[in-house]
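Below, each structure is written out as structure tokens.
In the two assemblies presented below, chain A is common to both, partnered first by chain B and then by chain C.
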Partner chain A sequence: MKFLPLLLANIGRKKMRTILTVGSYAVALFLFGLLGVIDMSFNQGLEVAGVDRLIVRNKTSLIMPLPIAYKERLSQIKDVKDVTFASWFGGVYQEPKNFFAQFAIDVDTYRAMYPEFEIPEDQWDAFVRDRQGCIVGRKTLDRFGWKIGDRIPIQATIYRGLWEFNICGVYEARREADDTTQFWFHFNYLNERTPFIKDYVGWYTVRVHNPDKAAEVTKTIDERFANSSFETTTETEKAFMAGFVKQFGNIKLIILIVGSVVMFTLLLITGSNMSLSIRERTNEIAILKAMGFGPTHILTLILAESIGYAVIGGFLGLSVCKLFTLGGDPTNGLLPVFFLDNKTVILGIGITFMVGLISGFIPALIAMRLNIVRALRSI
Partner chain B sequence: MAIPLIYNVRSIQGRFSSTLVALLSIAGVIAVLVATMAMAKGFKKTLVASGSSQNAIVLRGGATSEMESSLELEQIKIIGDDPRVARDSSGRPMISAEVVVIASLPLRATGTDANVQIRGVSQNAFVIRDTVKLLKGRFFTPGLAEIVVGKYAHETYRGFDLDKTIHFGGIDWTIVGILDAGGSAFDSESWCDANVLNQAYKRPENLFQSMTARLISPESLKSLKDALNTDPRLTVTIKSEIDYYADQSVMVSTLINVLGFLVAGAMGIGAIFGALNTMYSAVSTRNREIATLRAIGFRERDVVISFLLESLLIAFLGGLLGSLIILPINGYTASTINWQTFSHMSFAFAITPDILIQGILFSLLLGFFGGLFPAIRAAHTPIAPALRGL
Partner chain C sequence: MANNQQTQESLIAVKNIHKNYTRGSETIEVLKDVNLNIHKGDFVAFMGPSGSGKTTLLNLLGGLDFPTSGHILIDGQDIAGMSSKKLTAWRAQHVGFIFQLYNLIPVMTAFQNVELPLLLTRLSKKERRQHVETALAIVGLSDRMSHYPRQLSGGQEQRVAIARAIVTDPTFLLCDEPTGDLDRKSANEILDLLTRLVNEHEKTLLMVTHDPLAAKNAGTRFHLEKGVLTANSQGEAA
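Showing the complex of A and B:
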């Protein structure tokens, strides 16, 4: 600790270089955090998928409906605990770029299926009573500056006409990876207004008693409806989401490869800066050694300086990244999940620490083994 | 009087290794920038190439994509009778009433399902879309469960080979041909008879989703639009095919552009730091040189310009290198899901001259900001103490 003033003096000796080195680390780690955020948002909450939930969709594709009568038949299957369903509405609020997902939900069963979404009891009750009511996720509510009690017009695209909904409540999520951009309304309202496709739903969500039984139940459901006019494909929620992620295809891979390569280049540049700055100080180090500083002291001092730059820069970069993500999704609703998770932060700090250590190690080793007489002669 | 440029060229040669670090970091930034712009451009280009200026697409009023739209046969007949719609040699209107659906079929690469766009078309479809050619096999026979697949679909999905059978919508389809649509979105689709597809998907007979019509001239779109809008029997939206497909690319190309610019922007700041470092150390090691230049009569302004030029030169070389490195990516095929059509689409990266120009301009911007402050410091070098350092 008593060497702290010396350390600080060293860091402050060439202010511009210090700023640039710390800045480079900060940029690299900002980028690292950003890539983590992008990766996370492309994964669409894969990590928060419920292990005991299955998604049942029409075998042909998700856009094809399933009959509402399947609800009863699904709940009779062994090991099935709860069944709920929903339909995609795909409406537009004011203009198409204001995208957010709207689901027509089964009011009786939907909430119990998704306990991760929290809604105050009185708001939920108000929603149940109001046939044109809706529940909006916190992010979407804030994005458009809506309040509870507002009446929201949504232009239907798949269905017809302008639909109006009363905001009865807002749902929040405990985990950051949960999507709070959705908009839920009564399935019955949709069903009544669309007589030409009455009693069809988009997909079912099924909860099994025991996650270990999931594979078995999946098979039973698909066999039960095989050779009917509405065959099904059942998957765990995680597999269902992974299917979407895979469809994004190589775009995600390309962003990640490119970004990672560049981040490491940036880190290498900062590393070479560090060794340059220490090599310039050969004379000083020789003097320190002549005054009686031991090799371990020298090693520790230089490593501490190098790691200091790295960690300060890294911390700065990740903080800026965190602030940036708090500002919300920059693509206007296309990435519902957009946040910096703790795993990325810890990994990032770990990486900077390692780069600081490695880039300081060789110069520190050279300094440690420095021949005093030869170094002093060159002054 | 300006300091000769050869002075800067020589000093870059003299400090090759530190210049190289700055040059490479700028090259990296430009490469990433060009790559992301080429990705967004390629995606958009693929969709836009699907449209022809002489074709118009008709959707239900208010629908923004074919997936959401629906049109009845009567409406299609009314529109087909309009004199602004072109006729074929036997006098029939050149229109195609189409059904667009999605089938979940496994990808060759991963075995997991992806959404293939299946387009049920009328016989005239191949005449109206004259860019769509047959690569192998033959067209489907109307009324049969036969299907032709786009060349990208053929490469992307399992079992999409000539004479093979695929199963979706409850029936078996025989693949009788492979299409080449010149790299447009149709290359990711599969085409079959609209009526057969309607039956397979248990949709009502004579209900279609969109209608594509060949017009007598691109200019007739406007008057046709006015006529349709005032016709009380119709509630439809009509658009030029090109505009329609350009709209379908908005979401994904926005996503790529925003994320791409974010990453490239952050990297750009990193590269400015790299350039600053190089230029500052260039200035500090050349103190005496600069003082000498000043002593023999060059003014402060000349020194600033000279150092800025040097920085711009490094940045320009970096930008050039970055563009060259990334050039081979042009034409590389990637694929992703298009949220607006909810289907999987392949597209090729497109590096166009304007992307390259933007890349080089951005590199010059980096060079300018990386060189400005070191150049000012160089100009303020006190002459006497620096010379005394000899």
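Showing the complex of A and C:
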């Protein structure tokens, strides 16, 4: 602590250079945070996927349906605890940019399958009673300024016509990473109005008694419906989510490449700045060494300075990123879960620290080995 | 009084010092068999033309460099045989440096500059403050503690540098052209201050200078000529 004034004096020595160095870290960490948010948003389903839930879909494609009769047959399979189903609706509220996911759900079984979503009992009861009722996630409700009791028109895109729903309740998430942008309505309402696809569902969700038996149950389900008109592909909820994300390309790899390039560039910039700064201070370092500052003191002071720039810049960048994400999803529904999580913050701070350490290491080593006599002679 | 005979009272005893530098295949002999004794409380001036080896000798006495051969006994300790690490710790405790260009850290106040050597000690913050205030009072800059070097005149900057050199109460002070960058008036003030440090505060002071007027303040004057120490006035060389 007693060396802090010396450290701060050095950090504040060239204000413009300090601003630019700290700014470089801030911009890089803002970008890092944002990439982390996007990655997390794409993969949020993986993080929160239920370990005991399996998704059963049509083997041909997710857009192909399965018969509603499968529900009973799935329930009879050994080690299956619960079964529910849902269908994708794909409607538009007012204009196409107002995207959010709408699911026609089995009112009797869906809620129990997803205990991570909280809905007040009276609201759920009102929803069950109202065939045109719907439950809306908190984010979507807030996004459009809806309230319970509102009647919402949704223009169908896969099906036909304008569909109207009464908002009976709102669901909240227990965890920050849970998606609260969904919109649920009665499957029966969909089933009645779509005679051309009557008694077909989009997919089933199955809960197993024991997650350790998931692989076994998966195999049993697919074997049960093998060689039928509607063969199935069953996978864990996590694998299903991962497959869904893959449709967008290898997001993780793209983020990793962009992030690495940014960090490497940052390393070069800050390393160059530190070298320049140390070269300008050769005489001062020589004086400090003459006074009795040892190699360890010099090394520590310069590394602390380099890490100081990094930590200040990193903190600024991540703070701005946090503020930015507080505004919610800027993509109108593409990234339903949009927040900077603690894991990304800690990783960001760790990376910043390492970049600061590495960029300061060579200049610190040069300063540490500085020959006092030669340095004093060059003044 | 300084002389070339080592006595029991010698604070600094330099014995048969040689210092060579190598430039490519050429070896340059900078100091040739230098012998010297300096007593506690001496004010010694080293004079000589550029390249005569004055600063090299000062660097050796201050533990900034190692002799090619010979011994440098300071208070009985041979610093020529010390490791770099030991020598660093020894410098912090025993030597106060004063340079021609003051070499203050421009982004630190006078107080902070003077406090720097004390950061290497175990003194508390309060004790450090007391030491710094005392040192700045001795050099007459109690009212300039919070000033940055750019807000001080050359003479005042050199006073801060002197305060920094004496704040740890070192065994001796080494001054390399302390008045070389000052006008006559400021130079005289600095020389008066250095003389006062010797006379009133019993400091041992070794000064390299080109300036005969500055050297007059010293009790003993040595001349270096092509690496060979020659006697002058009270001093004698081998």
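To be clear about the criterion, the second predicted complex is superposed on the first by the 366 of 379 C-alpha atoms of A that agree within 3 Å, B and C clash if a C-alpha of one lies under 4 Å from a C-alpha of the other, contacts with A are read in each partner's own complex, and residues count from 1 in each chain.
In the analysis below, a residue touches a chain if its C-beta (ideal position, glycine included) is under 8 Å from a C-beta of that chain, and two chains touch if they have at least 3 such contacts.
Being a predicted model, the structure only gives us computed values, none of them experimental.
Engineer: For A:328, select first, second, both or neither according to whether it touches chain B, chain C, the two together, or no partner.
Structural biologist: A:328 sits against neither chain B nor chain C.
Engineer: Given the touch rule stated above, what does A:244 touch, chain B (first), chain C (second), both, or neither?
Structural biologist: The answer is first: A:244 touches chain B but not chain C.
Engineer: Looking at the overlay, what does A:28 touch: chain B (first), chain C (second), both, or neither?
Structural biologist: first
Engineer: Looking only at chain A, is it chain B or chain C that touches more of its residues?
Structural biologist: Touching more of chain A: B.
Engineer: Between chain B and chain C, whom does A:67 touch in the aligned arrangement: first, second, both, or neither?
Structural biologist: The answer is neither, since A:67 touches no partner chain.
Engineer: With the two complexes superposed on chain A, say which partner A:290 touches: chain B (first), chain C (second), both, or neither.
Structural biologist: After superposition on chain A, A:290 lies in contact with chain C alone.
Engineer: By the touch definition at the top of the document, which applies to A:376: first (chain B), second (chain C), both, or neither?
Structural biologist: second
Engineer: In the overlaid three-chain picture, which partner chain does A:9 touch, first (chain B) or second (chain C), both, or neither?
Structural biologist: So A:9 only meets chain C here.
Engineer: Based on the A-chain superposition described above, do chain B and chain C contact any of the same residues on chain A, and if so which?
Structural biologist: none
Engineer: Quick check: in the complex, which residue numbers of chain B touch chain A?
Structural biologist: Per the touch definition, chain B meets chain A at residues 21, 24-25, 28-29, 32, 35-36, 39, 62-65, 67-68, 101-104, 107, 110, 112-115, 168-170, 201-202, 250-251, 254-256, 258-260, 262-263, 266-267, 269-270, 273-274, 276-277, 280, 334-337, 339, 342, 344.
Engineer: For chain A, which residues count as touching chain B in their complex?
Structural biologist: 16-17, 20, 23-24, 27-28, 30-31, 34-35, 38, 59-64, 90, 92, 96-97, 99, 155-158, 160, 229, 231, 233, 242-244, 246-251, 254-255, 258-259, 261-262, 265-266, 269, 272-273, 330-332, 334-335
Engineer: Mind pulling up the chain A residues that touch chain C in the complex?
Structural biologist: It comes out as residues 2-3, 5-6, 9-10, 12-13, 283-284, 287-295, 297, 372-373, 376-377, 379.
Engineer: For chain C, which residues count as touching chain A in their complex?
Structural biologist: So the residues of chain C in touch with chain A come to 55, 59, 62, 64-65, 85, 88-89, 91-93, 97, 99, 101, 103, 105-108, 112, 116-117, 119-120, 125, 128, 164.
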